[in-house]
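The following blocks contain the structures, represented as structure tokens.
Next, two complexes with chain A in common: one pairs it with chain B, the other with chain C.
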Partner chain A sequence: MTTMAVARQPRPLSQVLAQWGIVLGIVGAFIGFVVGAQIGEHLVPADANSTGSNAALIIGYVGSAIGFLAGMGFFNYPIARLMGRPRPTEWDEAFLYGEEGGWKRYFRLNVDHKAVGMQYLVTIIAFLMLGGLGAMFIRAELLQPEPSFASAESYLTVVGLHSVIMIFMASAAIIGPLGNYFVPIMIGSRSMAFPRLEALTFWLLPPAALILLSSIFLGGFPTGWTGYAPLADEAVRGMDGYLVAFTLVGISISLSGLNMIATVLTRRAPGLRMTQIPIFVWSVFVTSVLGLLAPPVLLAVLVMEMLDRIGHATFFVPAGGGTPYLWENLFWVFGHPEVYIFILPAFGVMLEMLPVFARKPLWGYRVAVGGMVGVGVLSWFVWQHHLFVSGIAPSLRPFYMFSTEAISIPTSIVYLVAIGTLWKCRARFTVPMLFIMGFLFNFLIGGFTGVFLSDVPSDFALHASYFVQAHFHYTIMGAEVFGLVGAITFYLPRMTGHVLNERLGKIQFWWMFISFNGTFLSLLALGILGMPRRVVTYDPGLQGLNVSASLFAFALGGSMLFFLFILVKDTIVTPVRARVVNVWDSLGNEWRLPSPIPIHNFTTPPTDWALPYDYDRDDHRTAVPGGGMALPEGVTE
Partner chain B sequence: MSASAVVFEPDEELNRRTLMMGNRLFLAANTMLMASMIFAYLFLRGNNYGGNWRPDGIADLPSVSMAVTLLLQLACLVAVLGALRAVQGGADVRALGAVALVFGLAAGVARVWYQYNLGSGWVITNGTYTAVSEMWFGILIVELLLGWFWLLSIVVTGPRNSTKAATSRHLRAFSEFWFYMLIASTFVWLLVRLV
Partner chain C sequence: MSATRRLVYTLGAIWLVLAVIGSFVIAILPFPPGAASNVAGSVTDTIRLLTWAAWPVFSLTIIGVIGAVLVRRSDPDAAAAPARELRGNPRLASTWIGVVGAVVLALAIVGTITLGNDDAAQALGLGGRTISGDNGNVIGGALDEGGYLPVQVIAQQWQFTYRYPTLGGFESAHLVLPNNTNVQFHITSLDVTHSFWLIALGVKGDAVPLHDNVFLATTQQLGTYRSVCGELCGLWHGAMDDNSMQVVSAGDFDTWVAQEKVLDAPIMKYLPPYSTTYVPDPAAYGS
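The block that comes next holds the complex of A and B.
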């Protein structure tokens, strides 16, 4: 391996065009939509559709996604290979990795894993805010027991959009930004195993989100994020947006899983064993196995639904020999591992940060790994608890009740590792540490409430109520989003060189923590009192708790806006540069590289990469690896 | 002005391991897709007993033309393995590669022809038996044709700019993929024909 100086030369036309990647992508999306719609029109004429669906629309959507990717330049490499063109030169590769710098490199095909991580980060924050707007709409509407400014249909559409946007983003909320950015570095690799595939997983998301949002103009979709048939069969054209968008997201999750697994298994630094990789990498690895294997099940059932809608197949129509249970089963075979795709990386990043602030080694590293693997394995055997109230054979209920209750064991093991690490520690209550504590508090409630839903008798009483909604939000928002905000605060100095204001961060934490619990404790109570979810009207006697939930929800929305304000202020408006690279005094390997981290991370493969949790040893500091790299400026030993 | 570009010497062993790993992970994901289809098939089968599953008027799946299709897939696989052996022995890949390409394309075309000539009653609106079977056959056609383009890039245009080691590892990965497709195609056909 050599480092060479590449003389700057006039850019070839391909690179000039590639710099306009996102613009070309948008143009390509329009062209793809028109072409796809024409093909769909010819395949299934519009008058052949009686359900309100339209082959032209679905194939147009698919065409727009393909056109977008073509405009971004994703097909250049495979086409060049097919045409037998020379392999990319070093100059081409340097351009692909964004070595010219500048913000423009984030708006085109860029295969540097750190750039992809940043792209994910900004996109996910933007769409979390957008999904949050939907939540504000819902809570504003529910201030009154009767519909005030939304019809039942538009209310359902907003509920659906809020839930699907949040599910899309939650799927990648931690793996997307932090997994892509840090996994290669944490294992001593110079890149991901398949860099182009990594970029593809990100660039599938914008068209998916836009296709989903376009469903607003086509009547929305009434099914929520679960897309249940036969309601989906009968829904208006907005349903097609859900189907295509979810297909794109499923492909993205699966490819991301493939890439992460291949990276961890083949790209570790020489001598770095699987028992020495950071706990966050383990969480990403287990999640990636779920991410690789679960979405193909979703893809199969989504294609069936599309065939029902545009081809008049009857997969889910009893009159034609189909059954809605087919959807429910296949969807939840995907859907329940999906829940752990959300939460496992949050556990991983929480356990990764915890020793830094507890100033103790991670208690029970192997136990935590075992717990995560146990959650991953058991997550395949619990899906029918979602069907307890929809008429599954009674003889199946005990098995799924016990398997669902059993999954709380490995989950608790992981939780206990966190508690064990905190035991007799000398904690530094920085902002990330506060979010860790918030995570643990919220997840405890989320976990306990889940046990009631795994139990058949109590699930019968609670399933259709706000109890389920509150439980789900306690686990996903209370744990994953708290973990994400804490992790952004923790890792931002490493990613951008900027630190967030500690005092404002603490205010934001307490604001978010109190309003979150105010919101969802109110909803838990409403659920116990029997308020049904997804319905715009409710018993007037429940208005007090609804007003409470709404007011706390508005405060929660305000806390997220405040976080956005801190983020923008301290990184863009009045950037605060970190005085040292390793601002948290972490032993993590990712903090041992210079700032900014070089494009390919290392000049030579590191040889002293090891488990970074020896906070109880005095001699834990080692030289920065990488073949003669200097210590980062400002780092004190 | 200059920009630094790190040039890594090719690590053939790492590239081989990465490609094989990626290929096998893809096949694992594909297996889940196939498992979903098996589940759907059997679930719908269980939901439609007696004459509901195959209503009158749906022809039996043709056997001879499917056997020919599977033989073409097998011939392509044998030619690919021969090409792999040739390239590992230092010989040129193109002769046997071309044979594999011809057989592969013929297999793809035969499958498309098969899809359009399943017999009377084979439309997806004619109950779930035809719908799930045709969808499954369609998935296999898409995968076969995409696989053929991969083979094209390996044996026709690839060698112009690839090392023998690169051609070898791609052929090996492709042979695993094609073997998988052969097994899947055979299994699906037998299931749909017999169950």
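The block that comes next holds the complex of A and C.
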């Protein structure tokens, strides 16, 4: 099974152990949890009137995450270097990059950016399906205006889990799989700037998800993803899972941002200027700046909440001298750049795919970059639009109203660029192109509904209603997840060599598009009529629209299962191999490499850099004879 | 006329028809929350105004995308197309940014006027309103100097109660308001953050412990309305609703107040004295 080129002499114990990556990680997590829980129990014993010590649980969770990473082998290299041990051998390096191939390399520490991209892809899809299951539960319960099959407690737990798992998914949905996989290739680099850090950003996600899910057994958490205090202060122990899991994901986003910034700035191939990198790389770069800077605020506020829960620090409890506004402000200082962390890579990947199917150069590359940078800058100045009715000083509101409305200026540039690129094109309506069109339609509704929420007077009626909920689902699901499904269809042939069925894909698109809009148009209407979010009981007069939303939502869930079916069928059950490398006839550099892409991408990176959108040039037609790109030498189908 | 031009004119005509029909529909659509209070009236006006402004731009963008896809290259040789059609047109881009910027600025100015300046808002036919975080003034007499009836909304898990400080300070589980009255809602909480939301009256303000959140509204219509909680506050957040909130005539209100005073008389001595905020029980927090 393993075809190692390097000789297999008797290996030191560390090399034998390294092959058991995830198993050792799980063992380490258990040990870490027990040790952490003991320390916590010792530091702050449980109150007489509580079910257990919060300190034991929080420190236990942190210990399990550290134990997991230790078992995976993340600390071997830094500790060995600190102790002056010899540098890693050739075998170590080859092993670290997964050169032996096979599926096992995905279940241990692997620093090949393409392996990390694949790990992210599978995990993101798992999160999406898990979160979607929660959505189905919520919509099934809301068929009735009173609690039916679920208790109020389990309903609230599922609302919280659905939202947080989807936030985890959305934070990395495009930048995780596609950013890690393609950014180094697109800029002609042999790896990321910090390969071990890159693996770490991924391996923080599985423990985070498990810690979050463990809160089910501890009563769940009642706050939804926003975790508002002081509700979080009085919550049962399930809340601790939310705090630690979100901390791990925050660290992951921040480190990933750091790594991407360093990679784009320092690892570009010689001669490649920032004005020549693909638009997707620009979107990843801007996102990474937000990703580096926003989560530290979240980490601070989460640690404050942990201290509230462990030691009655009362940061957020008014009776103890704290204030709930502290949580609300700090959380949204993170929270609003966070939603642009979701959407900017989706803009990027959409604009990256558009010229391929329009068969025209990207219209207005520079203005598109300017638009994304503008969104990134403005995203720091809008957070208090979440707090218009909270009781902030009235004199602050006009500024946040204006800054929020102003963000539609750079955002609208995306539409200008899309229309400019489509103008007089000869579009090929493949599956990814359909998803681009769906993206443009859905995000337009998402954007316009946002204007109603940014305007203070109308926000009085719509804040905290289903209108808000439908608005952000239009942007995150309607744009980011539509972009993700389109991008998976587009890039899968490059990542694994498999092509997804075109006809089934088109059925899936229309199924998903219609049921998505049915669901969330119903919810927009419910919001205007005054249905608050996150309720298990509601006005019986609103049952009709709720039933409509639920039925469409079940259809939407079905469409996502259908996507999973297509994916599994065409890659695993009856794999459909791409007959050419460049199945979409793209000019992108990522399509010029042989298939499968070698571990270190390039022996010598290309030097003829230009924006990869010259679909109008004559020599491009000769370079791509008969619709498929000529295969590199020595590569057969 | 070239095929491209014909298509542009056709789509432009379709857009014009859509925009005009849409404007009429939006003008007559019964947007919530309605006109039960001056605030509800101006909120409804704002939503209508925004919808009215948004629809033409929304439909134009959709038609723009469809049109861009439909317009065919007359010459199959793309290289012959001018660069501004292929790689970007700075003048078009700056015009676009300018137009969107102007629309945004106009919206922000209208919103700010609606919000900030009561006189200007009244002149536009829109009610001014304020939510103030630091309004802790003591209110005396039946109505204070501004002619407002103060009503304290006290949120706790999981119900709202209402105190009428100028009417003897009694507390009721139901909200009853006299019609054609300026009401000064003082919203506060005893435990976690809630949000008091009177849907039909357009009133919404967070209830934050140890914080007095003030919202002004003038009742305009008799009726029975719904109030809910707008901020997730725990298990029975959705059950903090009340379908029996009433706006009644002045005479009926006086009768109700008299009844409530009789009902409340035995428990008045247990009620804490009226205050803009109440210190919550610290034992409720932490593990």
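By our rule, the second predicted complex is superposed on the first by the 602 of 637 C-alpha atoms of A that agree within 3 Å, B and C clash if a C-alpha of one lies under 4 Å from a C-alpha of the other, contacts with A are read in each partner's own complex, and residues count from 1 in each chain.
The criterion applied here is as follows: contacts are C-beta pairs under 8 Å (C-beta built on N, C-alpha and C of every residue); 3 or more make two chains touch, one makes a residue touch a chain.
Since this is a predicted model, take the numbers as computed values, not measurements.
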item	value
Most chain A residues touched (candidates chain B, chain C)	C
Chain B versus chain C as contact partner of A:L161, first or second or both or neither	neither
First (chain B), second (chain C), both or neither touched by A:T314	both
Partner chain in contact with A:V369 - chain B first, chain C second, else both or neither	neither
First, second, both or neither for A:L344, with chain B first and chain C second	neither
Which of chain B and chain C A:M560 touches, first, second, both or neither	neither
Touched partner set for A:L354, first chain B, second chain C, both or neither	neither
Contacts of A:Y228 with chain B and chain C, given as first, second, both or neither	second
First, second, both or neither for A:F402, with chain B first and chain C second	second
Which superposed partner A:V301 touches (first chain B, second chain C, both, neither)	first
Footprint overlap on chain A, where chain B in one structure and chain C in the other make contact	312, 314, 320, 325
Residue ranges of chain A touching chain C (in the complex, touch as defined)	46-47, 50, 53-54, 152-153, 156, 222-224, 226, 228, 230-231, 233-234, 237, 308-310, 312, 314, 317-320, 324-325, 359-367, 389-395, 397-398, 401-402, 405-406, 408-409, 412-413, 415-416, 418-420, 422-427, 437, 440-441, 444-445, 448, 451-452, 455-458, 460-465, 528-530, 532-539, 615-618
For the chain C and chain A complex, residues of the former touching the latter	4, 31-33, 39-40, 42-44, 46-47, 50, 54, 57-58, 61-62, 64-65, 68-69, 71-73, 78-79, 81, 85-90, 92-93, 96-97, 100-101, 104-105, 107-108, 111-112, 114-116, 126, 130-134, 191-193, 195, 197, 199-200, 202-206, 208-211, 213, 226, 228-239, 241, 243, 279-282, 284-287
Contact footprint of chain A on chain B as seen in their complex	1-9, 14, 17-18, 21-22, 25-26, 28-30, 32-33, 35-37, 39-40, 43-44, 47-48, 52-53, 124-125, 127-129, 131-132, 135, 149, 152-153, 156-158, 160-162
Residues on chain A engaged by chain B in the complex (per definition of touch)	1-8, 78, 81-87, 90-91, 93-94, 99-100, 190, 193-194, 254, 257-259, 261-262, 265-267, 292-297, 299-301, 303-304, 307, 311-315, 320-323, 325-326, 329-330, 333, 598-600, 603
